[in-house]
Each structure stands twice: as C-alpha cells, then as structure tokens.
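Letters A, B, C and D name the chains as they come in the text, with residue numbers starting at 1 for each one.
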Amino acid sequence: MAETTAHAVAHHAPPQGPIRKYVFSTDHKVIGIQYLTLAILSAFIGMALSWAMRIHLAWPNASIPLLAWLSPNGAPNGVMTPEYYLSLMTMHGTIMAFFVLTTAPFAGFGNFALPIQVGAADMAFPRLNMASFWTTFLGFLLAAATFAIPDGPPISGWTAYAPLSAVGSAAGPGQGWGQTLWVLAVACFCVASLLGALNFIVTTLDLRTKGMTLSRLPLSTWAWFIDAWVSLLAFAVLLPCGLLLALDRLGGTSFFIPGGSVFNDKVLPHSGGSPLLFQHLFWFFGHPEVYIIILPAFGIVAHIFPTFIRKPLVGGWKVITFAEIAVGTLSFIVWGHHMFVSGMSPYMAMVFSVPTLFITIPSVIAVLIWVFSLYGANIRFDTPMLYCLGFLSLFITGGIGGFFLAQPSTDSYLHATSFVVGHFHFTMGLSAVFATFAGFYYWFPKMFGRMMNETLGKIHFWLSFVGVYCVFMTMHMTGFAGAVRRYSAFVDDFMVPLIPIQKFMTVAAVVLGAAQFIFLFNAIWSRFKGPKAPDNPWEATTLEWDTTSPPPFDNFGGRQLTVYHGPMEYDGDKSVMQTSPEPSIAGT
Amino acid sequence: MVGKVFAVVVVLVTLVTAYSVITHVWWMPVDISVHGPKIDHQIEETILVAGLLFIAGQVVLATFVFLYGGAKNKPKQIPGGAKPLVLFAFILVGTEVLALSFIGSKAWGAVYFEAPDPASMKIDVQAGQFAYYFRYPGPDGTFGKLHPELINEGNQNYFGLDTDNDADAKDDIVTAELAIPVNKPILLTLHSKDVGHSFYVRELRVQQDFVPGLNLPIHFTATQTGRFEIVCTQLCGLGHYNMKAYLSVLSQADFDEWLKKQAAMQ
Amino acid sequence: MKSQHRVAAVAVPVLLLAVVLLCTVPDVAAAAGQIVGTVKLDGTAPHQKPIDMSKDPSCAQTRSGPASMESVVVDAKGGLANVVVYISQGLSGNEPALSQQVMLEQKGCQYVPHVVAVNPGQHMTVVNDDKTSHNIHPDPKPGGGNNAWNKSQLVGGPPIDVSWASEEVAIPVKCNVHPWMRAFIVVVKGPYGVSNDSGSFKLDGVPPGTYTVTAWHETYGTQTQKVTVAADKPATADFTFKAK
Amino acid sequence: MNQSELAVVGAHGTVMEASPFGIEKKKLGMWIFIISDACTFGSFLFAYGYMRVGAPVWGAPFELSSIVNGIVMTAVLLSSSLTMLTAVRAAQTGAKASANRWLGATMLLGAIFAALHLREWIKLIGEGWRLFSNPTGGATQFGACFFSITGLHLTHVVTGVIALAFIARGYNQGRYDESHVETAGLYWHFVDLVWMFVFPLMYLMNAK
C-alpha cells in the first residue's frame, strides 16, 4: 500500500510547463474551467445559429452575410435554403443540449467545485477526468466538422428520428456524412459523460474529508451526485442507441428501417426494422437528459440561496435533496410522453401520462422550499442571487406548460407546436442557463481571484430576464394558435397571419442575444482587470470559500480539514464556516 | 430597491401572460369534430388549474422578494417549517394532478379507446417526402394491394398499385386532396412510404404520426363543411414546412359529385 | 516604359493565337453536315393523367391551364415529342463539349423542357420561375461517374449551374416538394437533338461520315439506324416507335 | 491493509471520512462502470428482443455442433472466472508467484474463448450470415443482433485479457498491488456474467 500512496502523491505533484498546467491538465479546477470555456464558446455558436434561424423566419428573403461565407451551397447569397435552416436547427439543438446545458452546470461547475466542497485534493481519477474533457472536446470538433462538409450538418433535428437519420443521403442533404459525423460526435459525448459521472460518484462517496458526512454535503454536491447517477444510467442507453443507428447507416443492418421504404421511386434493401424502437431508446435517454440538465441547476440555486438570504433553506438539506432524488428517479419512467401521437399504444399513453404529472409534485416541493425560504429572509441582491430569483420565475412558468404536454388529450393538439418549444426553453433551456449564470457570477471570484462587475451583471440580468419572457412566452401563445415547430418558412394559410408576432420574437431574440455580449465582456474584462477578490467575498460557509482565491493546486495547501457543520450555517450577517469548531448558529 | 423592481417586473409579466391567455389573443381555431369539444374542455380545465398555480407561484415569489429584499432584521423561518409545504404539494397538487389525469383520460379515451363506427368511411392515407396522397376504395369497396416497387411518382403511381393485374386496384381512386362528407364517421389508415410524418388538422383537433412500417388508424367525424389545411408536424426533411394537403368537408351530394370527378381523372 | 514592352511581348502572340483559333472554329462548322428527321408514334398513346396540384396553390399562379403527365407527348399527326436523338457510333470521340448553356426551367410546378440533352462537361442552368420553392434532385446511376445531388431553390433564388462528368442515358430528375415533377437529363457525346412537339429534330455540326444514330424515349426505349452524312445537304433519319 | 483502512487514507494521506460502503475507490469505480455497462448491454438485448418479437419469421441458424461449441465456450469462460478468483485470493495472501500463474491461466482461457467464438463467427459468415442478410430467408435481424451483441461481448473479453496482461506485469514489478488485481477480477466476473445472458439468448434460443 505504501507505494500506491507514494505513487498517488507523485502524480499529484503540481505539473510543470504550460501544456501540463493549462492544456492537458489533470487538475479538476483547470478541467472545470476548460469545460466552462467550451460551454461558453458553444453557447455563442448556438446563439448565432438561433439568430440566423429567427431572422430567416421573420424575414424569409433577408440575406444574412456571414451565412453566404459559411455555406455558399446552403445559403446562396446569404438566403438560407430550407435544408440549411434544418441543418442550423439540428446543430442549435445538439450544441445547446449537449455542449452547453449538459456541460456547463454539471461537468463545468461540478469539476471545479465538487472536490473542493467535499474537501478532496482532486477528483478520484484525475487522468480519467482529463480524458473525459478531451473526449467531450473531440465530440465538439466532430459536431463542428459537419459545417465544413459540402452537404452541411444533418437535417434530422437533435432527436435524429430514424428512419430519416438512418437511410443516408437518400433522405436529403446532410443525411450522408453530416449525420454520420453527428452520430460519432454524440457517441463521444456519451463516453465522456459516463467517465465523468463515474468520477463524480466515486469522488463524492470516497474522497470526503473528515466530518464531511453525507448529511453535511453542500446542496450543490448533492445535486451533482444525484445527477451523476442519472447520467450514468441515461447515457449508457444513448450510446447503444447511437451504435445501432451507426450500424444501420454503415453496416446495412435494419434495426430502425422497416421493409418497403421507398425513396425516389427506389425500394431500399432493408426490412423488419422499427422506428419506434429508436424512439424508445432515444427518449429513455432523452427524458432523463432534461433532468440531467436541470438537477445541477437545482443544486446550484439551492447552494447559492442560503448565502444570499442569510438563513438555511426551509426543511434543511433533507427536503430539497429528497425532492431531487424523487425527480431523478421518476425521470426514468416518463419518457413515453414524448410519443403520445407517435403510434404507441393509446393505453401506454395513459401509463406514461400519470407519472409525468406526478413528477410535478417533487418539482413543486423544490419550488415551494425556495420561495418560502425567502419568507423572513435578509435578501442580498448580488448578481448571483438575482439569477437564482430569475431561475425561480422561469422554472415556475416553464413547469406550468408541463401540465398541458403531460396529458395525451391536450398534447394531441399542442404536440409539435411552438408551445413545446417555448415550454422546454423555459424549463430546461433558460432555467438551466440562468442557474449557470448564477453559478458563474458566484464562483468567478474563486476561479480567477477577481470580482466581476456588479453593474454590468445587473444590466445583463434585466435584459436577459425580460428578453426570455418576450421570446418564449410568445411561443406558448402561437402554440395555442397551432403554429407548427421546425418549419423553415410559413406557407400555410393559418401560419401566415402569425408572421408579425414572429417578427416581434425575432427582435426580442436579437436583443436577448446581444445582452449576452455584456456578460462576455464582463467576464473577460474582470478576468484581467477586475478588483482582487477576497477569499470569501459572499460570506459563505462551504469549503471552497475556506481557501485562497484561486485555490492552490491541492486546494487547501495540504491543510488538514475537519468539518463540524452542515453547509447552511447562516443567521443574518453572522455565518459559521463548515470547518470552524464554533457552535452551530442555525442548528444544521 | 432591486427587490421591489424585480417584484414589479414579475407581477407585470404574470398579468400580461394571464391577460393574453384569458382574452384568447392567439387561440385555437373553431372546432369542427365530434370529439373536439372534449379536448377543448380539457385544455380550458388545464388552463384553470395550471393558471392558478402560475399566478400564485409568481405572485408569492414577488411578494416575498418585495417584503424581505435587503431587510436587516434577524432572519426567521416560516412558521411550521417544511411540513405544511410538502403536505400542500402532495395534497393540493396531487389532487389536481389526479383530477387532470382522470378527466383527461376521458377526453383521450373518447378519441382513441372507442372503436371506430363500423359504418364509417374508410380512406387510405399515404405520406411521403413531401406530400400526402389519399385513396378511396372505389365501387368495389376494397383497396388494391400495394407494391412499393411499382411506385413511380413521375407517372402518378403514388401508391404502387398494379392496375393492370389487380382488379381491386383498378377502381381505386387516388387523390391529392382529402374530401369527406360532413357528419359521417371517417376511418383513416395512415402509412408512410419513407420517413416519419404526421397528420395534423387543427380544426379537427387531430394529430397522429405516420410511422414507417405501421398502418395506424385514426377516426373522427366532421361537423361543419369547409376547406381546412392538413399539415405535417413530424420533421421529415427539407420540404417539411411545405408538406401539406387540403381537407374539404362537403355535403354528401357535393362529395359524391367530387368523387365522380376524381374517378374520371384516374 | 519597360513594363509596357513586356506586356506587349506577351499580348501580341496571345492575340495572334486567339485570332487563329477564331478562324479555325467556323471552318469546322462550315464543313459539317446535318441530320434532320421526325419521330412518330404508331398507335394510341397511353392516357396522360391530369396532375392535381392542389397541394401547393402557388403552382397555378405561374401556369396556364391544367397540367398532365408527360410520359408520352404526341401531337394530332402522331409526332412524338421529347425524344433525344444522338450519335452512338462513328464519332471520333474527342469532340469538344458544346459551349451554349442548356436551360432547365421550373415553371408552374413542371419542368420545361421535360427532357434535356447535354454533352459531358456542357453547362446547364436550373432556374425557378415559380412562386414556390423547389428542390432539384437528379438521381444518376451509382458508379456511373455522375454524382447525385439534392438542393432547394427558393422563390427568386439564384440559378443553379451544373455539368455532368460522363455519358448517361438518362438521369431522372425530381422535386420532392412536388412529387409529380419529373424531368430527364440525357448526357451524350457529340451532336444531339431533341424532338419538338411535332416530333421533328435536328442535329447540327455533324462531320461528314457514316454513323449509327440512336433515338431514346423515356417510355419506349431506344431505336437506332445507320445514317450517312455529306457536307453539302442534310441527311434525314426518321424514327417510328410502336405504342405498347 | 484492509478496505476500511484504504478508505480513510486518501491520496494525500489526509484523514478521510469513511466511505459509506467501505469500498476503496478503484473498486467502487469499477462497480459504477459495471452498472453503466450493464445498461448498455441491456439496451442491446432489449433491441434484440424487440426485433425478434416483431419479426414474423426469425430463422434460427444453430445446429447441435454450434450449441456444443457454445457450451464449451461457456465452460471455458466460467472456469476462467474460477482461476481469476484463485488469482485474487493468492494476491490477497501475498503469494505473488501463484497469483501470476493463475492470472496467466485466466488470460489463456480468455484467449481460448475468443478463439472459439471467432471460429463460430467464421462458420456463420461462411454459411452466408451477414449483418444485413439471412441465408435461411428469415428476418435479417438475426445477423445484425448476433454479430453486434456477441461482438460487443468479444471486445470486452479481448480488452479484459489485455488489461489483465498489464495488471499482471505491473503487479510483478510492484507498481500495482492486490487491489488492482481484485478490481480487474471484478471486471472479469462481470464479462462472464454478461455471457450468462448472451449465451441462452443468442445461442440456445436460436437452435434449430
């Protein structure tokens, strides 16, 4: 055993040289920041794509200059063709769902904060950790590469329903090499997520410092821990789903392609496959995926809340955590609500509808905990807290839409309308993004040792908050009018009258997007010019605030840490560090 | 200060939203099917239930932020702690949810659990990139067999009918527009020749996917004459946005007239 | 000053060369003969079903009168249109590709013309005159040297310029947005002609000699005959297809 | 040194909170991997079941000889689990030499299993089975399911053999200790367990 410890210490010695320090680093803090950088890059790419799409929807003949350069084939003179619209839509979904929403709040902040919060020097398997980031990055490159090939990215949406995604270029441009690259990209992302989840679970269970019992874990750590389990099981199903799709595309198998499929008057040499099998496999991952995205958001908000309301959450760590566990568990038995109108047995629809409705109960509990924790609080409105409050409002709104889509009868009218688009942008999209912003403003001082600018932060918040409602609440409304999603132009008689409101959405979306550049500027400027940050700027109590900003390579400079309290020792302006032996003031 | 602004903004947003939903600024088109009112009623029901939660949630959030923003007094917890909140969630939301699923299942059952009227008129619908085609069985009342290898759209053989050798297929009437007699139960069989598509008619409150390899039945009865749009709601490729057909609900007489004309054009 | 000399030194021979080339081209044309003829259909053409375009109302805006299938188009006197006549044997094989642009229009949700002939490497332009967007989807035989492609053309979108690498009779073209749309692209070497509505066609610039001439029709297949072309007067080659 | 001690001494020699299951991190990591890998195999088998139930005619390929071959493979893999077990025991009692011998035996059996399996593959391919075709005229999915699922399992076996080779080498040179051997054993037993599902589902259920 002696030699293993020695060995472990040896490969934990601070690395030398910029490459080992900042590029191929095994330091969880660096890896976390790498993940966040990738997520921000992806977010701006995805945002640019959404701008292009929105402009095209409102002004179909508008020429978008950069587009002509990006793809002279897909957008002659900068006016995008229908297939290129779908390509952009597919990549918007893929990049946002995988490389932003799954990456930032979980892999990004999780990597940076989880080991410090449990008092560990690093993740359980640092080299595995590095591998998972670079596998994610490889996936990102593969996805980005689809823009470079002549046919452009796939046009089958981020859900890549078979057989559209399975039969190759017969189904349309982008379905050849584009779709193949896409499948490989997703496969890489699966592997990376599995390795990451494994690392998170082991770290949380085995690397907690003395006194950091499970009941004293910070709530963010709890959420990441639960989330790791969900992604461990979900991505382990997306991977085979992708492999089978790849086999259908490259190996000539017929898992998802039925017999007698006719493209261009030619019958394909396939038989016996089932498109529904694909949908089942995909949504078995796909629905937990939205909780993989939102659970870390829960955790970040639950973690930041007590610091800025200066009191523990109602019900302590237990209620909120058990709510998260319930959400995570239920998320595995509700996937069928994506398939109400897809030819699944109507009785199954009822079976899936009930748990879907019941999953609102733990969600409502979480929301009630946050809202009623505000009662009798001393709320401090620093930017992180503003974003938490924004998250609450968005999440409540988004959750409400769920009631309509969870019932087959109402879903049969609203399914595939812009109501759905509005709904998921509120619940998993922007709720998670707001939580990510909260986390970013909150941990930035710890990451870079400098404070971000409060004024810019607040301007960024107000524009984003109002912008989100203008864009996505309006989508709920057009959804009631039956506006169909994933249309690259509105040619149907009943859609044409909706074009003015589409124009409003587009303008709002452009403003919303522009506001994000304030954030970008704030982040970059503060990184180098911001005022020096103290070790504990928010007067928080968890371990990451119990070390220097930024923390040393081994997080605590070799200090022996012992934890005496839970994470929510707040009482007004007083607060007690988890590591301080003083008596508890909030009884956690 | 910030807290008060936040509270005001949240309340404003809530009011605007509530207003536009209640006054139906953008709303569902008139309902022309027999089962439709059940679905509409369910949507109204849900708006009531969910709407109350929405307003309550946002307003309580706004109030607390308004009251306790920047307060300096010693923090206190809500009396009773978490128990009442959890109970509230379980009892109130639980009952709402149960109510919705039970009433909802009635509406759903009315569409999908009831067997189609045996007297209903059978029409075969085929979706393909990027158009719908409809097939009426013709005088003999039976559909001809489908031969995918015979599909030749340039020669107008969309279904792959073997009209030379198949007597049943000879009198099948293939149309690009779905015409149905009003107040007559209709039974559609949906099948796709290539990828997934969907059959969505807002006015009928009907949406059903086409799944390649499956023949999916959907039945309804239209109660008003008129011309409505059938649009595709399942992403099917570059022409998805342009994949549509017209549904014309005609009086029985007009329908017979129309069918005769179509038969002549075969 | 010096630089101008250099320019001149380059320009003069280039100009001379150009002049020489220009003179030689018409020579060839002058020496070349012609093949003319008509294509007839013996028997009654199959019923050409009318096309229901109600799917896309904007199709009607750019067309006059109803549309029908074009698999067999004959006039009152039995003249068969849309037949491609080309030289299948007897050419030197190194004729340069014709330079003029061939046009394929999308008009009233049908292709005009229904059958296009081009040389390998000859440029053809696809334009959209309709108030709706189309996708052009040529589907050549795999491995035949021509690549399949599939591209949308928006209302008022820029023309698409294409050329085909190797000979192929015939490449079917379709529009998936309007599935009834169908055209054929015939890629052949040397002179070619396409029969018009009265069934008559003309092959220009055929050097004197004896050739095997092939006529191809989408429904009735091919026919061939030997033709001897003299420089002075046009040779005739008539074809008659039997209706099935 | 035993598990609980392992658990409380972290990479830095700092005092740690005991792991709730007293499982040392490498081993816990392997357990987690096994859970997710089980889901992956599960989905493949689910797809196989879905395909098979949906197919009107299936067309089973295996004569007795193949079944016998399968049984032999099963026996080989099972006994390899046994040798692995002995290797771990030996390693835990510090009997390096015998641990190495048993590891060698395990690798050998793994290799034999792979060889037998490849023979089966070659036989099927010779009979005209492909990912996309079925010489008996039944559903084409048998080839697809058989080659993909057993292929996945075979990859696991081969990876396992290679991993064992590395572990054994490191163990010899003292870079690795008995805990590494034990973790590798965990993986090996899992691969064996998966075969216990694959064999009846892919072989026995497809006997003529």
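Here is the rule we go by: a residue touches a chain if its C-beta (ideal position, glycine included) is under 8 Å from a C-beta of that chain, and two chains touch if they have at least 3 such contacts.
Everything numeric in this text was worked out from a predicted model, so none of it was measured.
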Chain pair with more C-beta contacts, A-D versus A-B: A-B
Nearest-to-centre chain - CA centroid comparison: A
Intercentroid distance (Cα basis), chain B paired with chain A, Å: 30
Chain centre separation (chain A, chain D; CA means) in Å: 34
Centre-of-Cα separation between chain C and chain B, whole angstrom: 47
Geometric centre distance via CA averages, chain D-chain C, whole Å: 63
Two or more partner chains touched - positions in chain C: 132-133, 135, 150, 152, 172, 174, 176
Interface hub residues of chain D, defined as touching at least two other chains: none
Sites on chain B at which at least two other chains make contact: 128-129, 153-154, 237-239, 242, 244
Interchain pairs in contact, sorted by label: A-B, A-C, A-D, B-C
Residue numbers on chain D that touch chain A, as the complex places them: 1, 6-7, 9-17, 19-21, 23-25, 28-29, 32-33, 35-40, 42-44, 46-47, 50-51, 54-55, 130-132, 139-141, 143-144, 148, 174-175, 177, 179
List of chain A residues in touch with chain D within their complex: 1, 3-5, 7-9, 12, 120-122, 124-125, 194, 197-199, 201-202, 205-214, 232-233, 235-237, 239-241, 243-244, 247, 251-255, 269-274, 277, 280-281, 284, 554, 558, 560-561
Chain A residues touching chain B - in the complex, by the definition given at the top: 81-83, 86, 155-157, 161, 163-164, 167, 171-173, 257-263, 265, 267, 273-276, 309-312, 314-316, 319, 341-343, 346-347, 349-350, 353-354, 357-358, 360-362, 364-365, 367-369, 371-381, 386, 389, 392-393, 396-397, 400-401, 403-404, 407-410, 412-413, 415-417, 458, 462, 465-466, 469, 473, 477-478, 480-482, 484-494, 498, 501, 570-572
Contact footprint of chain C on chain A as seen in their complex: 61, 73, 76-77, 79, 81-83, 169, 172-173, 264-266, 489, 491
Chain C partner contacts - residues on chain B that touch it in the complex: 128-132, 153-156, 158, 175-177, 237-239, 242-246, 265-266
